[in-house]
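For reference, chains read A, B, C and D in written order, and residue numbers begin at 1 within each chain.
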Amino acid sequence: MIRRYSDKKVDGNWALKHKYLLWQEIELAVIKVRCERSTFPADVWSKISLILKNCEIDVEEIKRIEEITKHDLNAFIEERKSHLPEELRKYVHFMMTSYDTEEAPFSLMLLDSVKDAVTACDDLILLLWEMAFKFRYTPMLGRTHGQEAKLQSFGLRILHWCRSLDYARYQLQSATTGIRFSKLSGAIGNYQGVTPEEEKEVLKSIGLEPFVGASQIIPRIVHQPLANALVMIVGALTQIAEDVRIAARSGMPIMQEFFDKGQMGSSAMPHKKNTITCENQIGMWRMAKGFADMLRDCILTWEERAIEQSSVERVAWPDLFHVVMQSFKNMTRILEKLQVFPDNMMLEIYYSHGCYASEDAKELLKEFGLIDDAYKIVQLAAAIVHEPCKVLKDYRLAKKDGEEEHKYPMIEEANMLGRCHKDLCQTICEVIYTGALYPIEALGHSQETVDEWNRKLQNIFADPEKLERWHNIFSIAYQLRNEDFIFNTYK
Amino acid sequence: MIRRYSDKKVDGNWALKHKYLLWQEIELAVIKVRCERSTFPADVWSKISLILKNCEIDVEEIKRIEEITKHDLNAFIEERKSHLPEELRKYVHFMMTSYDTEEAPFSLMLLDSVKDAVTACDDLILLLWEMAFKFRYTPMLGRTHGQEAKLQSFGLRILHWCRSLDYARYQLQSATTGIRFSKLSGAIGNYQGVTPEEEKEVLKSIGLEPFVGASQIIPRIVHQPLANALVMIVGALTQIAEDVRIAARSGMPIMQEFFDKGQMGSSAMPHKKNTITCENQIGMWRMAKGFADMLRDCILTWEERAIEQSSVERVAWPDLFHVVMQSFKNMTRILEKLQVFPDNMMLEIYYSHGCYASEDAKELLKEFGLIDDAYKIVQLAAAIVHEPCKVLKDYRLAKKDGEEEHKYPMIEEANMLGRCHKDLCQTICEVIYTGALYPIEALGHSQETVDEWNRKLQNIFADPEKLERWHNIFSIAYQLRNEDFIFNTYK
Amino acid sequence: MIRRYSDKKVDGNWALKHKYLLWQEIELAVIKVRCERSTFPADVWSKISLILKNCEIDVEEIKRIEEITKHDLNAFIEERKSHLPEELRKYVHFMMTSYDTEEAPFSLMLLDSVKDAVTACDDLILLLWEMAFKFRYTPMLGRTHGQEAKLQSFGLRILHWCRSLDYARYQLQSATTGIRFSKLSGAIGNYQGVTPEEEKEVLKSIGLEPFVGASQIIPRIVHQPLANALVMIVGALTQIAEDVRIAARSGMPIMQEFFDKGQMGSSAMPHKKNTITCENQIGMWRMAKGFADMLRDCILTWEERAIEQSSVERVAWPDLFHVVMQSFKNMTRILEKLQVFPDNMMLEIYYSHGCYASEDAKELLKEFGLIDDAYKIVQLAAAIVHEPCKVLKDYRLAKKDGEEEHKYPMIEEANMLGRCHKDLCQTICEVIYTGALYPIEALGHSQETVDEWNRKLQNIFADPEKLERWHNIFSIAYQLRNEDFIFNTYK
Amino acid sequence: MIRRYSDKKVDGNWALKHKYLLWQEIELAVIKVRCERSTFPADVWSKISLILKNCEIDVEEIKRIEEITKHDLNAFIEERKSHLPEELRKYVHFMMTSYDTEEAPFSLMLLDSVKDAVTACDDLILLLWEMAFKFRYTPMLGRTHGQEAKLQSFGLRILHWCRSLDYARYQLQSATTGIRFSKLSGAIGNYQGVTPEEEKEVLKSIGLEPFVGASQIIPRIVHQPLANALVMIVGALTQIAEDVRIAARSGMPIMQEFFDKGQMGSSAMPHKKNTITCENQIGMWRMAKGFADMLRDCILTWEERAIEQSSVERVAWPDLFHVVMQSFKNMTRILEKLQVFPDNMMLEIYYSHGCYASEDAKELLKEFGLIDDAYKIVQLAAAIVHEPCKVLKDYRLAKKDGEEEHKYPMIEEANMLGRCHKDLCQTICEVIYTGALYPIEALGHSQETVDEWNRKLQNIFADPEKLERWHNIFSIAYQLRNEDFIFNTYK
């Protein structure tokens, strides 16, 4: 992974040197178990262990040998053996195949990288919970299909994010059980070298268990749930980024990424506050999928194994972890200092003209007797309150004659329009209870039908009790009345 | 493909019956060429042809035979032969392998489906051109990172869409050349049955050319550019859908999908006008990629061929074409009746408070002598004009004491906010030329610095000529002055 | 999915009619719970239920209404309501959003399809276990990198297959827990219609639980583990197909797909027994990945939901299940009637010239004192026994002069070569204990070195006890001595 | 990309320093054009150019600035400007947006990396041509479905490889035309800064052309054909690796990767010659697809652009090129020193028992009058010649009683089998012309039928002319008679 998106811990964990240290750990563990079980003389382990641990692994020397042997494990063994006296050499890697040494370290590296991811995940989940509770009474317009739907709290939006991440977190945890397995069962997995008992003890000493029924390697299907869970983690984080990014659109941003002092939005445009971290996160999502796909193809190999998976695993696992950690950094950066604008959330509610309560309105009208027409009445009212400014329409019609004058409109027109926009303040609440409906072409109702509706509505709302109930459904508290249940379930 | 998203022409083109007809066409073409070249007696072709063309292909009978032989081409041959007298049978499929019969029809089916896609594409490109020219003088806010950037015409936005589609269209055209090849060179491609001369003539008779160097099949790499180009087509269309969908977000929609009379947005919420066709298109994009990936894996086979690709091609090619045609239907539906709201485009400009000209403002201030401070001044002005409503801030501060009263805010607060919002009308144009800057915490300038800036600005704009130039850069015509070039280039 | 690869149960499960029945089930369950909780009059449920259950759902009528409303759930509700008397209509879909009705049926459809997959999987795992035990004493050459490695039983190969499938099966089981959740919490998930209590009871009545914290829909991340597990299942099955296919290569096939009476291998070549089912399975693998990728993209949506996922889910879920079921059919077909050739397995061992014991040979030579040279001696012996036929080399050298005569070699040359091949029968066992090594150019040892080795070897094996131990390591029983452990672990 | 698989030229080409140099090149080119067109004073360019070119770009300083501004292009500009006197600074990046500077260098980097790939490709294609011609008269068994099909030359196999690579090479060439475009048309693409004329001249000076109709960036669809072509290149190379790997399977390898002196196959098994480079290539294929998928997702962005594509492009483009170059290295290594075993190719022909001519045999028998039975007779003969050793079958049957003695078979059994195998030498040629058919259970023919066939065959082949024609079809020269056409077409 390029420096810009790489994580130091992941780098350290997947560094050659670290891998070689883990390989040495396995080689020594095998020798130790064999000494304990009297396969080897009792003092062999302490002698070898003392020498090797005190003799730094020479990565460049291994590289040099590998250029000749084209075999990295053999090169490593040769380098290690070169430090031992003749009589001890034979105990190293005795009756073992390369992947007896390599598989367990690979699992350990995966487990270590997962551990960091889990820690970062737990921190972010905690942050999300806190944010959810903090904003549980901050109303905003819930949106489906990008359209104003109903009212909810911003806390609930955050809770959605949190629950998805939580779910991915659970999958990640489950996936680690699969990689707690390893093998030392030889070149084709039938224990011609290391015995089942030795394997069990060696693996136990490093916290793993045998995968009985392995071939030369553990079947790569075993690592799939981990790769998939990591993609899910990135997916859950990217969902947050996507939502923040939409919310930050200029016009009426309800959130924004924090903008550092000194940060520049654009080299050309000084006013820009771009959602670059969110967008970077989208990039991480695209990468996570790609790396996971590479790993998925590694399920298949030939017979007792071929080594197609090796190159992929050297690249895609660490890079997938880099992407995961970068994703956590992105989202922590975004969320910790998230700029939230409750006023603009309220303004969005204002500009929804009461439509957030359209379902309640429809049902209440039904209750008040307008069973067949309720849907249509509310739909018409919604269309009316969203109608483009009539004043301007007239202006435009008038202007048509002079059109040739100016190819482009004058900026003053925007100002005039702005002022028109500010005159709009009708809500479906008012339009309906005052019986102020009028036909709109797109909906195709006749004037008579609409007149009839208006009459009925005026009759209904002459009753003050009905009017009070009507007003009540438009209140924020009423709209969010059942949210406490959701938050209490998770307290 | 399920009925909901399937295209009749694609269905017809990939139907078994149609495939069998094309197989028969090849078998007959081979016989004809062999008659012409005197390999077969001269009258064999006319006899066989007469019988087979008059004898409908029995798809169910072929299926029945295939259940025994597990070989569809053999079953087809058997069914066809059964209608011929004994002495003519031996001329059918003589010294041919299955894929001598199957490859050319496969190419023909691809070519036919491409043809429909190209027609749909050309229609849509034309529509986009027309729309681009229609809206070339309709100003809107160009957005980068979702943020207000600069002014452009809506026509230019459409031109962007069009150019991407145009590019994909060109790739599609190029890709068809690759599939104008086929082969009849036998089981391993070295002409042990059909001769090179026969192959050439047969293919010529159906508009194809030999791919010399084929194995039993044409290498599947040859079809890759087509699959890729189709994905690009879907990608270009999905880009439009994504942009329309963003533009249709409620609040201040600048476009909307057409909403049919009778169409329902939501079963619950009568006011909803959901961008369901755009969103369907996102689904098509996801599917197109998946089908293309299936086909990409078919580049690899074993030696002179194995048949892994067959099942994939039976499913993924027609389904990819269905997805392409559904994409065209989606986007034609959206674009033909696209609801465009130029007033709201103007309102977006109004609410950008002049920031669209921030780069020009910065450069003009530099020209007027504020070389080092121009960026910062404009950035500060932009922050000032976007500040949340001050009136409301005070209200909120005052309210804090009574907070316990209401868990949720009252809806009246939204109304008050709405009214506040309407009082805002400052632009960076005014704030700067009047020297009305004040420090904003996030940007960290001192009061002294800002005062100094204000003084300088007031001095500068005391000069009426400078003021006129200043006003000019905020005009729409100035901002869009170079767009004519772009449109003229494509006239 | 095309008929050729579709599964009847999957088709039935995902048919429109079946989906509508499940929708009705939810609508009725909501009414029932509301009656029980006295939200609705007590007899409403029995009345509505009686009418609707006796009144078949008219799929075509729903389609007709949908063409107008562009909303399938609304169309369904309208069709259902049309059978009810006026006064009962209002109770149907009261204060519910479409996805309150749709989500639970979707989970039920997934669960039903999983159930069939699990049954098929269990059957196949059982079959594999039985085969593994049946062949636990049938020796074969284990291969890594396609190369002869060591001996194992064919039972162990089957056990590898089985263990991977078993692992995938476990993942599938785990994944189903995630889809036992659903929601009826309204258009944005905050219970403005159905209450939390109602939701809980409704879901309980159909075996599901609430996913508290859902938006309009359950986050699609919840379905990811299922899609991933299905891909893993297909992957585990494809691994078997890949191994069978390799094993069936002509020359010395050790297994073959069963070839039905009447089945034809090739229309051109009557001798062909093609591994078409294995290859079809490779195609299924390619498709499974593609469908899963489509579904993975559905993790992301906007805010409280958009409907991009709907089209994908309508296509990719059933098609993924079709692919899974076709995979089970493929592998059941292949495995149930698998042609196993233990004789050819023995022949492969014969033609490995003893190399299967090369590691033991190396270690025994070390024990016998050839510590540094053991690896090289065995490597040289292996090269010697695999040397191309010397007789023919001479023939070829001699022939070179007459080369122009025949462009291509005569078939008699193949016959002569065949006879040569049959004269080869050396094993590394003999070559080494008789000290019959000679230098081979590629390995670069000098004549002196090799002579020295031969001398040493002859000395060593003059000892009859050492010779007996030497012979013993080449026995099959010795090579497979630890396999019982593996089988016993799973008994 | 990790060091193990990275290419030095690709690394150099995508290094930050190199990118900054290219950025500087564009900035200077813009200044130059503006001087030439008198937008800037005439001497500005020579002054700035002299200073900047002599003042090394400080990558670490840029990194330091970027940490504050979070904007790499701005940081670069700031670093560069710092070396200029006050009065020259304003000319740098005047009225330009970041991507006016970045887009063209990006295209140049792609073009440079493509150039290296094309060179490597041309070399490999040449090598393949040479190999194809070298082996054009070396016969081998063509295989379909892994099964012996017909005879071909090894040269033809190589030609298949070559033709696929050639096709991919052609696609790569075509794809470069798309990236010869760039833009300097400002933040939203409508030339508010750089003019169309300036853009044209700047791009011309570096060998590119304007993409009129770009937004802030060139639409990423433009780079798709390049990514796709690179994947095709890797696919074509991987096809070769897959075929070599299959061919190298021990038993009767017909090719092998070259094995260096000193190279070790396995740490455990000294006899192993593993196809590790081929398998590495499979890994490259998996990676290439993953990187291309990441890039494909970048087709979509929002409106005039967002920056999701940036992180992906920083990683996936160079890594895709690394994978491409590693693929060329892999395949060059494999092919340049490919070990080819023509003797084993002949042995494969020998062990096919004449089945390679089964189609000719079938057709000749038809010509000799056995119209309906020809297919069945040849199929039966093929089954007979491939029957497992009868001697051993008897041995096995006899052994059954003593089975308990030995759990595993004795190795001697393999030896006996080997000797049996060597007694087999029948071909379908002989079995048929001598009328030596006998019923085989799997095919289900009655003794009477087969007797009748034998009688007919003996009658037919009593005619010496027919016998000669019969023998002729089994000759290699006859089988490969039309291959010259293929090679001549490409000479």
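Keep this in mind: a contact is a pair of C-beta atoms (placed from the backbone, for glycine too) under 8 Å apart; a residue touches a chain by one contact, two chains touch by 3 or more.
The structure displayed is predicted, hence computed values, not measured ones.
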item: Pair of chains joined by more contacts [C-beta pairs], B-D or A-D; value: B-D
item: Greatest separation from subunit B - chain, by CA centre; value: C
item: Inter-centroid spacing, subunit B versus subunit A (mean Cα positions, whole Å); value: 26
item: Centre distance in Å when subunit B and subunit D are each reduced to the mean of their C-alpha atoms; value: 29
item: Distance between the centres, which are taken as Cα means, of subunit D and subunit A, whole angstrom; value: 34
item: Per-residue multi-chain contacts in subunit C, two or more chains; value: 95, 143-146, 149-150, 186-187, 193, 245-246, 265-266, 268-269, 274-276, 279, 289, 293, 306-307, 359, 480
item: Touching residues (chain side subunit A, partner subunit D) in the complex; value: 1-2, 4-5, 68-71, 73-74, 77, 93, 95-98, 186-187, 193, 245, 260, 262-269, 274-276, 279-280, 282-284, 286-287, 289-291, 293-294, 297-298, 306-312, 314-316, 319
item: Touching residues (chain side subunit A, partner subunit B) in the complex; value: 137, 139, 143-150, 245-246, 248-252, 259, 261, 265-266, 268-276, 279, 341, 343-344, 346-352, 355, 358-359, 362, 375-376, 378-379, 381-383, 386, 388-389, 392, 396, 406-411, 413-415, 417-418, 421-422, 425, 428, 442-444, 474-477, 480
item: Interfacial residue positions of subunit C with respect to subunit A in the complex; value: 86, 89-90, 94-95, 142-146, 149-150, 152-153, 156-157, 159-160, 162-164, 167-168, 171, 174, 178, 186-193, 195-196, 211-216, 219, 221-222, 224-225, 228, 231-232, 235-236, 238-239, 242-243, 246, 285, 289, 293, 296, 299-307, 359-360, 363, 366, 371, 479-483, 485-486, 489-490
